[in-house]
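Got a structure for you, questions after.
Each chain gets a letter, A, B, C, D and E, in the order it is written, and its residues are counted from 1.
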Amino acid sequence: MSVSELFYKLNVNFNYVVAMTLFIIGLYTLISKPNLIKKFMGLNIMETSIFLFIVSSGAIAGGKAPIFGEGVGPETVFVNPIPQALILTGIVVAMSTTALALSLMIKLYEQCGTLNADKLKELK
Amino acid sequence: MKKGLVVFALFLLWILLVYTVIVLPPMGSPENPTNTHIIPRYLEKGVEEGGAHNLVTGIILNYRGFDTMGEVTVIFVALTCVLAVLGRENILRHTSKAEVSSVEKSVIVKCVVRFLAPFIILFAFYIILHGAESPGGGFQGGAILGASVIIITLTFGFALVAKKLSLKYRVLFESAGPLSFFIAGMVAIFCGQNFLTYLLPCVAHTYQDFVRHLLLIMVEIGIGVGGGAAISSIFLAMEKVEKE
Amino acid sequence: MLRSLDVILLVFLLVTAVGVVRTKDLLGASIIFSAYSFTMAIVWQQLSAPDLALTEAAVGAGVTTVLFLITISRTVRREDE
Amino acid sequence: MAEFAHHCPVLMVITFLAGAVLTPIVSKSKKKFSFWWAFFVSLLALLFSSCAVWSLYTKGPISYWLGGWEPPYGIEIYFDYISSITFLMTVLGALIILYSKKYIEHDIKEEKLPVYYTLVLLLLCGMVGFSITGDMFNLYVFLEILSLSGYALIAITEEKLTAMASFKYLVMGAVSSMCVLAGVALLYNVTGTLNMSDMALRLQQFEPIATSYMALCLFVVGFCVKAAMFPVHVWLPDAHALAPSPVSALLSGLVIKVGIVGLLRVIYGIYRLGGAIDFTTVTNFMGWLAAITVLVGAFFAFFQDDIKMIFAYSSISNIGYIIMGISLISFTQPERGYLGMVGGLIHIFNHAIIKSTLFLCAGAIIYKTGFRKLSDLRGIGKKMPITCGALTIAALSIAGIPPTAGFICKWFIVLGAIEFGRGIWAAALLIGAIFVFAYYIKIVNAIFFREPAEPILEVDEAPLSMLIPIVILAISCLVFGVFAYLPLAVIKPAAATILGLPPTYIPPGG
Amino acid sequence: MIVNDIRPLLAPMISILCAVLIFWRGGNAFLRRSFSISAAIVKWVVVFSMLQGSLAGKIYVTELIPFVPGISFLLRVDGLGMFFGMVSSTLWIITTVYAIGYMEGEHARKRFFAFFALCVSTTVGIAFAGNLFTLFVFYEMLTVCTYPLVIHEETPEAMRAGRKYLVYTLTGGSLILFSTALTFYLADTVTFAEPGILSISNGVGLLAAMFAMFMLGFGVKAAIMPLHGWLPSAMVAPTPVSALLHAVAVVKAGVFGITRIIYNIFGVSTLKDMALEGMDVASVLMWAALITIICASLMALMQDGLKKRLAYSTVSQLSYIVLGVSLLTPDGALGGIVHIANQAFMKITMFFVAGAIYKKTHKKNISEMHGIGHKMPLTMATFTIASLGMMGLPPTAGFISKWYLCLGALDAGKMVVVVILLLSSFLNAAYFLPIVYRAYFMKPQDGNLKTDEAHWTLLVPCVICALYVIALGLFADLPFVPLALARGAVTGFFGL
């Protein structure tokens, strides 16, 4: 892959690149931050990054939202609705995981008095 | 040292991931595999088959209805999990963290919320019911419904909400989502169709479309109410503190 | 025009994400996280996904942030505690 | 009847789902009723699953189109040979729910009882759905359902450290689910479809690009975390040891197997069927890691004093067996992997039974004595002979002593590894098995060949509702060892179809 | 001639049933005893009923369900199996009688007798196993079933011994499993056949490796040095167990396995072919046996504990058998195989005596046994007979085996074997005769010369066995004695 081609690809798939960068930022937070709440923010960033990736993959240049209403002709271009349907589910799942994690953190704090992963390791 | 190693490893992973995504066909092109394989049929027949002008709603209720059933189950699971970890709130024993804290609630907030809350709830129901025609749908509305409960709790206190949304009904509301799918699906099975079929041949032809709309609306309301109730209950369970 | 708006939004997304990571105050971090979610909602609107924009605004920016705030109020405020 | 069998797979999921959702409602006034309800629901699901499995073996796989939409457009439930694991799930589920009755009433507050049974049913619902679905995204959704309920079930008691164990599991589980989701996303981008068999077809039509490989890697990482393979096993010991015992039995017996089912679905259901991408590098790597897993799990188990901790580490070791068995695959000659695959699959089945027995026995002992350290439980075998006898049978079985069930798996995997030219894997497995036996004999020594210590002198046998599942499972450890052809009748066609051979395939030499 | 018959299955099943019954109602001493003895007798009758046919060349086969694809659960009574089955079921009756007397007043008798029965069941299973896989199944079961017997005392020492035993035997078991799988892979079958199922075309190096693994695996139980470590430690077990372990069940299962591997898996011709290719594994095994014979004898000399000395003597004697089968000549094999029976009867007598002495006087060490021959004349007389047998003096059974071993060695042209056998006889004399001397010709410490024999349940088995030792020597050529049976087996192995 030549340099110009690389830049071309990076440019056209910029959304994907951003999504993967966000994924790595989230993973970094998850791994390196000792605070559990912060870890979970990182996890949320990771999740949204994948959502961004999936939704971007369904986009079509100049496409409209897939709603058949007024002003829709036979030549109207629609974006791909499947990724949207999937991500709707994905968002809910992300929220559910977060809710459970946060309530676990509340319980953990009641039991151990800290939310610092390093200190928790020592407690054990 | 360890941190440097982590950063380095993540950097390598980043390069790897970026490489794997940029070799994909250019984003936004109509020739992508994602845009050529299944979509044409959805765009062509989706509205007619799904019974909704909003294709996304049509897909999540029809073609991918089982996913959506899973989705509402996930909310229900989340709620049950939170209850398993923290326990259900009890008006007699608990109050909200916000009330315990000494911050005085401003009158402006109270007034605005008092004024806006009914509209928010109305809007939520609009979104739920109008999801077939415009952006929105069961879950979006449910989230807004839940959010409205949250702001009301935060402004007017825990006791009011816990009493108004008493457990007697809330338990039913929480399970509305999965249950509505269950009912719709079982109706189909008893009519000899596959699970989650809305267009039932056992119904007289003229009423088929009507029955389908009825079922769809039931499911939408179920998702909305269920989601809203679950979010409210999660919130209440997390917000509760023991009274002194 | 729209393309450049997209790029700006995406870059802003990255900036907020880094902001979430760098902020030591968890309360601040959750507010920034809320901003991140809102930006994401706008990105989705730009990608012609109004349903998602609506959901993300309500769930990501609203409910999730509230849940984070509750947790912070019931546990710790600073990252190193 | 055929019509009914056609609906059975989906009815299984629905039964668990509706049962779970209705549990809080039916037991609102009388919390203890939730047990009877859950038990009833699990029996109903068992009925459906046996019907579905019967139909599978008489008439072949069931393809069920949800909502009547044909596959690439709608979601398909594909009840194939891999899905027959649902039968195991429903049986074990029913037994464990029966066992839970006394145990859980003793362990958690009465007002939480419905929550417990709801979560158990949801966990089963997730697992069953996961195993039967033919759609990648649907797989992810069910994966989340089962994972979330799994996390919460660990933290349901008020015991210290449970929240921490659960949280550790949650973080790793969430990352793994995300890897799976990312894999689905990448694969969707490459193929433009979500249906598994359609994905396989579409993979053939395009040039293989790096993205497909990356997706495979992400899937493998994701599912291996769920299956607790070395080096991502760190969540398992705490989670499985600290959970209430019936939950440990479910988690160790079934939930980690879900990771394996996921691997089978992805590697064999999509990539092998697709045939365009050579995945043997990945499976080879998996196999080597599995060999290490076997040794690592066995090694750490040796140094534990807590009986449930021992069982938890031994689960890691056994997951190594299974993954080793299913990684023996050659891209060009599928029949070379047949014996290993049979071994892996039969170990899924046997390990589920054996490990559940062990955890249930440990639970019965803890229920009666309140102790979980081996050093406190000396001589308990003389007080609780049936429980400890069952434990011993299961221990022999997991160490692979003939004629118990565990031996059959060991034989097949060793034979498979040798046929595949991987003698070292077989050696690792056998060394691991010696370690396993060494620590199980430590348990047996402590419980049988020591004089009872002071605090357990008053202990008597566990209640009947706990003994029934224990005895049934322990007997099946023996029965499936002697009459190995019973599970093999089910597993051989499964292994053959996974590898793309005809279901009636017979390897050379019979 | 192959005959389908249920009896090969019946024999192990009877003992298993007996074990189950004892587990169920064994708390009652009378029921326990009746179960044990009647099961022993019934089983003996079952095995005996096949003897006539077996001598006439019939092979009784029970083929059960397919265990795993390609391998069924196969029980098959051929000459060698019949031989071993007959020995073990005969000795079970005697040991049971003895155990009932010996275990009087001990703890956990229910467990003891149940596992005792299970051990015998698995031993007969090993004898009748028709393929390597079935053999392995019973072999591992035997390992597990003996464990509770070894640690019966539950003392720390017993626990240590038990652990050692398990580590040795299970490691051996794993090696066997590995090479069984290899065999199945190479030959697509594991059914015993004459002459062997592996051929030189499978690759000499691989075959040699497999042979080594098999020998290491079975060698653990056959206590070939340096794999013998578990055996002396396991002497902490009660004496009937030691008798069972060292005379009948465990160690003999090891040598039996070695015999099966050499003659029914590899086959004489394959092993000879391998020797021609430069991989003379049989000779290596023979040398290992020779070294064991001498070393173990020397170590036995240094022991003071009677049972310990007997244990080392066992190690040495077992290698006679291994030596015999590894000579690959008909006479050598005959000597080795017949020694399975002869050594069993001789060694069991000695253990019985050791147990009787311990039970009566609580003496374990040889240095304390001054004048024991005056107190227990009959007991010590049986011991003396057995010692003479061990040395290989005519007219005892030991002579017969040694005679054939020497013939075999000469056939194979290996003079060194003959020399070592003779040397070993001297060593045997050196460690057994001092005991006899001490018993008869030294005064007891307390000066009491009154006769005070052990209980009849302990005494009678000793006497029967001792008589047997002489009878086997005197009437070695009768049709029903072990030699005739062994001859049948050897005929098959060498295609004579």
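Points to keep in mind about this one:
Just so it is clear, a residue touches a chain if its C-beta (ideal position, glycine included) is under 8 Å from a C-beta of that chain, and two chains touch if they have at least 3 such contacts.
This is a predicted model, so every value here is computed, not measured.
Comparing mean CA positions across the assembly, the chain most remote from chain A is E.
Greatest centre-to-centre distance from chain B is found for E, with centres as Cα means. If each chain is reduced to the average of its C-alpha atoms, the one that sits nearest the average of all protein C-alpha atoms is D. For chain pairs A-C and B-D, the one joined by more C-beta pairs in contact is B-D. The mean-CA centres of chain D and chain E are about 43 angstrom from one another, to the nearest whole unit. Each chain gets one centre point, the mean of its Cα atoms, and the points for chain A and chain B are 18 Å apart.
Between chain C and chain E the centroid-to-centroid distance comes to 78 Å (mean Cα coordinates, whole Å). Note on chain placement: the centre of chain B and the centre of chain C lie 19 Å apart, centres being C-alpha means. Residue positions 17, 21, 23-24, 32, 34-35, 38, 42, 54, 56, 64, 67, 70-71, 74, 77-78, 81-82, 85, 135, 137, 139, 234, 238 of chain B each touch two or more of the other chains. Within chain A, the positions touching two or more other chains are listed as 14-15, 21, 23, 27-28, 53, 56-57, 59, 63, 65-67, 78, 82-84, 86, 88-89, 92-93, 95-97, 99-100, 102, 104-107. In chain C, the residues that touch at least two other chains are 49-51, 55, 59, 63, 67, 70-71, 74. You'll find the chains touch as A-B, A-C, A-D, B-C, B-D, D-E. Those residues of chain D whose C-beta lies close enough to touch chain A in the complex are 137, 141, 144, 148, 151-152, 155, 160-161, 163-164, 166-167, 170-171, 174-175, 177-178, 181-182, 185, 188-189, 194. Contact residues of chain E toward chain D in the complex are 65-70, 136-138, 140-141, 143-144, 147-148, 151, 154, 159, 162-163, 166-167, 170-171, 174-175, 177-178, 181-182, 184-185, 188-189.
Taken in their complex, chain A has these residues touching chain D: 23, 27, 30, 36, 39, 43, 46-47, 50, 53-54, 57, 82-83, 86, 89-90, 93, 96-97, 100-101, 104-105, 107-108, 111-112, 120, 124.
Per the touch definition, chain D reaches chain E in the complex via residues 396, 401-403, 407-408, 410-412, 414-415, 418-419, 423, 426-427, 430-431, 433-434, 437-438, 441, 445, 448-451, 483-485, 488, 492, 506-510. Per the touch definition, chain B reaches chain C in the complex via residues 54, 56-57, 97, 101, 127, 135-137, 139-140, 143-144, 146-147, 150, 231, 234-235, 238-239, 241.
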